[in-house]
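Below is the structure I would like to discuss, written out as structure tokens.
Here the chain labels run A, B and C in written order, and each chain numbers its own residues starting at 1.
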Amino acid sequence: MHLKWFLLSAFRSATAGSRRYHLWMGGLTLLMLLGAYGYYVQLRDGLAVTGMNDHVSWGLYISNFTFLVGMAAAAVMLVLPAYVLKDVDFTKVVLIGEGLAVAALIMCLGFVVVDLGSPFRSWHLTPIIGFLNFPRSLLAWDVIVLNGYLALNVLIPFYILYSHYRGQSPNPKLYLPFVYLSVFWAVSIHMVTAFLLAGLPARPFWNSSLMGPRFLASAFAAGPALIIVMLVMVRSYTPYDIGKEAISKLAMIATVAAQANLVMILSEVFKEFYFPTHHSLSAQYLFFGLHGHDALVTWIRTSIFLNVGATIALTIHPVRHNPRYLVIASLVLFFAIWMDKGMGLVIPGFIPSPLGEIVEYRATWVEFAVTAGIWALGLFIFTVLVKVALPIEMGQSRSPYLSEEERSAPLSH
Amino acid sequence: MAIAGVRCRGRGCFVTSRTYGVVVVIWVAAAVLAVGWSLPRSEMGIEAGEEALPVLAPGERTSSASFETEDTLPSALKSVAIEPVQGEWRGPGGHGFHVAIRTRSEAGYRYRQFGRAVFDLTLRLDESEVSQEPCTSCHQGQGRVRGRVEGEAEGVHQNVQPTHPDQTGAQCLTCHDAEDVSRLRLERGETVSIDHAYRLCAQCHFPQVESWAYGAHGKRLVGWRGRRVVMGCADCHDPHRPATELRLPMAGLSLGGDLLPEGEGGHGGEPEGDAHD
Amino acid sequence: MTERRELTFDDVLRNAGVHEAQSRLDRLMPDPATLPDSGGGCQDGSCGCGGAAPNTLMAKPMDRRGALGALFGAIAVTAQAAGACAPTAVESDEEREAMLLRQEEYFKGNYRLMTPRERSETVRRLERLAQLRGMGDVRIRTDDALPGVMFGYAFNISKCKGFRNCVEACIQENNLDRASGDQYIRIFEKPDGESIDDLEHADATYGHAVPAEGHHYLGTQCFQCANPPCVYVCPVQATWQEPDGVVVVDYDWCIGCRYCMAACPYWARRFNWAEPHVPAEEVNPRQHYLGNRLRKKGVVEKCTFCIQRSREGRLPACAESCPTGARVFGNLLDPESEIRWVLENKQVFRLKEDLGTEPRFWYFMD
């Protein structure tokens, strides 16, 4: 009986809000509709409406997918301190982090589906009725770990919120083992995605042992950066109390990870350019252009510049402790890593082709529309999840079957 | 009560180091299982218990397939006359093979069908010289000319402007037998039919003829197994002008006639090099 | 001879592109009357049926896929019937038949797991669908690999003059999309003096008369590697290596993720970005299920050494169409084949040998 009221009140929370809230959600819906139209065009005419071709066979969709898996994994930076290390400052914000993970995972799955040439055959991936090539295919691993992580990040917060809604403390024996599992799982989803690229001897740009660690470092930099921005927005627009400590600790995590990320980038750059071989042609194309083709040079140089600038800014204590500068630096860092890990990683892997041909990639309006639609979907889901979770966490939303006393009892996590 | 290292008293739960141990053990076990599953079991090899892929014993030949029956043999090849290879020439494994006889065959075996398109595979392009014709279209043994008046023969053969063999100052009679123009002269005085010209070619071009006999040079008719029938030297090389001539490459029948790597028409940049029809 | 087994969950976990044991069930089950000559089956008792009476009690259990398919098929048929009653339904009989055929096709499984009956049924549906699309009468074979055969290919760089007959013949033979100019074969024009396997300054888009002075030519296509990276990465095992060495794609199982295209070190695989278009009068009607049958958009395809030709004993279109005789094709397991002589007597090399892909395509010179 609580469940029905839980769902009803969740629906009510999600659909009630200020004008600003409705404008935000309405704008996102518009973007989603635009994306849906773009996807319809893509389904109708085939992937030829995108900028991909036989040489550059993955483009904007997989670039975003690669980046967003990192966002999902970054939720572990909140889960680990909150549940395992029992850091009090984080317990208030961990549900928001898990909401971000859910939104990011749905975006990841969305990008994979829109990238498929025959999406209606996705059922071929299910074991037993289909044929999942596990454990040899890294993509099969990815399907399993992403869906598993999504399940974890939906079920654990659901259980906690539902318990709070019922006026009870959630039973740690029930959910803590899964929390520990999700900590390791978070690292593994991103390593699996990195291995997906790194395990291909045909693509020397990706075939490096540093891909896994670099993915983790950039994820733990960009993820907390985004979470900081989200938390600041939650603090500004809702009465939910988020302490300074949580944000400053997150900022510290993001700074250290950003520094590690820069060290790794430096390491890759050295390896490619100290004694360039024909394996370095892709890096040469990315940073300097190759035989006159230089479409990504400005892109990557901007990304590196922004990345370095944001990392330096975050390293400086006064800047990091100033909320406004912190938000700006976080946004810049997030954007820089998105540029570097998305288009700056996936596209150069295909240029030059394994037979030395250079064909560049330019995204079309369909790809922009669908990408915008999926990002809007992610933001929409995140907003809904936060909008539903916060009233419960603040004690305002409780099951109507509770007595006055039960309603106001303090709850643990 | 402590379950797997999680000690709970009242409403608080503490994590003990045993928890980490348990989690690590689970993770290691999972990793070991995953590695065990993923270790390749010889993708190229045979699973235990299965019968091995049958391999041919030395000297054993694969059976001639049905390609030699009437309905599967491409019609263009039905009119090929063939003869066993002469001299000491043998194919791989020491087996004999057959040579297509150009002078008696229809020119049809230079046409091949792929899908519904028919290709002309002639390497010799120049059709103006009389040497392009099968000799037997005019001659019928011993140099006799069919349906022509004696004495007009010189005019016909004047069209032939040989560039080969040129360094040696050779002339017509270097290769052709004066008595019977449909036979060729070998060094030791022996004459061979013009259909077995490879024996003459081998006198100067032994490495090429050896490669031809073993299949690394030249064209094989019909298929990759069964009776081996190969085309003769003169089927591809004009003995009077053997150099390969320039031609425009086939472009592919794309509707746009475009030579760009596919898909680039509207997307991305152009590849290296210029592309024009 | 078919080598199949009912799929169990153990198989799903254990697969790595290896051969599968022969199905006891299939040995007892086949009904020769329903099997046309499309390969496989135990028609001559050569697989050891030995005259054993078919055990009807061991009738093949309905697998989940079949059950789901039947369920959805029933729903679809009911919906069709309901839709047909609607006064606004304007579909012709042919369109309705095509839609039903496509629905049945949607639920079929991986080709490797099909019984001979399922194979012949899908072939029947595909041939009928091609007919309904106006492609004329096509014949789709399902020949298995010939025993004792492993295909090998050798390419003579001295002889290739860049004519591109092979490219054109391949397009005609394999029903490649005309609109996008798709080609399985790539002929590179390279300046003399460069390392033979260095393709950085190679140009595959030349249009001038050939052979151009100061250049040599080198062709690439799928090399049917013995250790194929593309097979390992496919998440649904829509691509695998046949016993005769050919790496094939089940076009109806491929989900179009294009991971195999990223994994191929030789740029051998193509994707149908749009619906492929072949003029009806140019369609090659002699097709193979794993080879040159008509594909649809959103799936990967590749050179199969003309599986529809090579399994009949004929040369692939590229090898047969080369005017200069630069291509040698044959059975690597036959010690007296031409390809073996080339490998043993010529200086051969392969591209990207250091990757360990073991391609079955060698290059040599005179």
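Convention: a contact is a pair of C-beta atoms (placed from the backbone, for glycine too) under 8 Å apart; a residue touches a chain by one contact, two chains touch by 3 or more.
It should be emphasised that the depicted structure is a prediction, and the values quoted were computed from it without experimental measurement.
A.B. asks: Give the chain pair that accounts for the most C-beta pairs in contact.
C.D. replies: Top-ranked chain pair by contact count is B-C.
A.B. asks: Taking each chain's centre as the mean of its CA atoms, which one is farthest from the centre of chain B?
C.D. replies: Result for the farthest chain: A.
A.B. asks: Just the number, please: Cα centre separation of chain B and chain C in whole Å.
C.D. replies: 21
A.B. asks: Please compute the C-alpha centroid of chain A, do the same for chain B, then give the distance between them in whole Å.
C.D. replies: One centre to the other, that is 53 Å.
A.B. asks: With chain centres taken as the means of their Cα atoms, state the distance from chain A to chain C in Å.
C.D. replies: That gives a centre separation of 38 Å.
A.B. asks: Pull out every residue in chain A that's touching 2 or more other chains.
C.D. replies: Within chain A, the residues that touch at least two other chains are 48, 50, 52-55, 134-136, 357.
A.B. asks: Provide the list of chain B residues touching at least two other chains, using ranges where the numbers run on.
C.D. replies: 37-38, 261-263, 271-272
A.B. asks: Using the touch definition from the top, which residues of chain C touch two or more other chains?
C.D. replies: Within chain C, residues 13, 16-17, 180, 182, 201, 204, 270, 273 contact more than one other chain.
A.B. asks: Quick one: in the complex, what on chain B touches chain A?
C.D. replies: Result: residues 3-4, 6, 8, 11-13, 15, 19, 23, 27, 34, 37-38, 261-264, 267-269, 271-272 of chain B touch chain A.
A.B. asks: Looking at the complex, which residues from chain B come into contact with chain C?
C.D. replies: 37-38, 40-47, 49-50, 53-56, 58, 61-62, 64-67, 72, 91-95, 112, 114-117, 119, 121-123, 207-208, 211, 214-220, 222-226, 236, 244, 246-256, 258-263, 265, 271-277
A.B. asks: Using the touch rule from the top, collect the residues of chain A that touch chain C in their complex.
C.D. replies: Residues 45-48, 50, 52-55, 57-58, 112, 115-122, 124-125, 127-140, 143, 196, 199-203, 278, 281, 349-350, 352-357 of chain A touch chain C in their complex.
A.B. asks: Can you check the complex and tell me which residues of chain A touch chain B?
C.D. replies: 48, 50-56, 84, 86, 134-136, 169, 172-173, 176-177, 180-181, 184, 291, 293, 295, 357-362, 364, 412
A.B. asks: Which residues of chain C touch chain A once you look at their complex with the stated criterion?
C.D. replies: 7, 9, 12-13, 15-17, 64-65, 68, 106, 109-110, 113, 180, 182, 186, 188, 198-202, 204, 220, 229, 232-238, 253-259, 261-267, 270-275, 297-300, 352, 355-357
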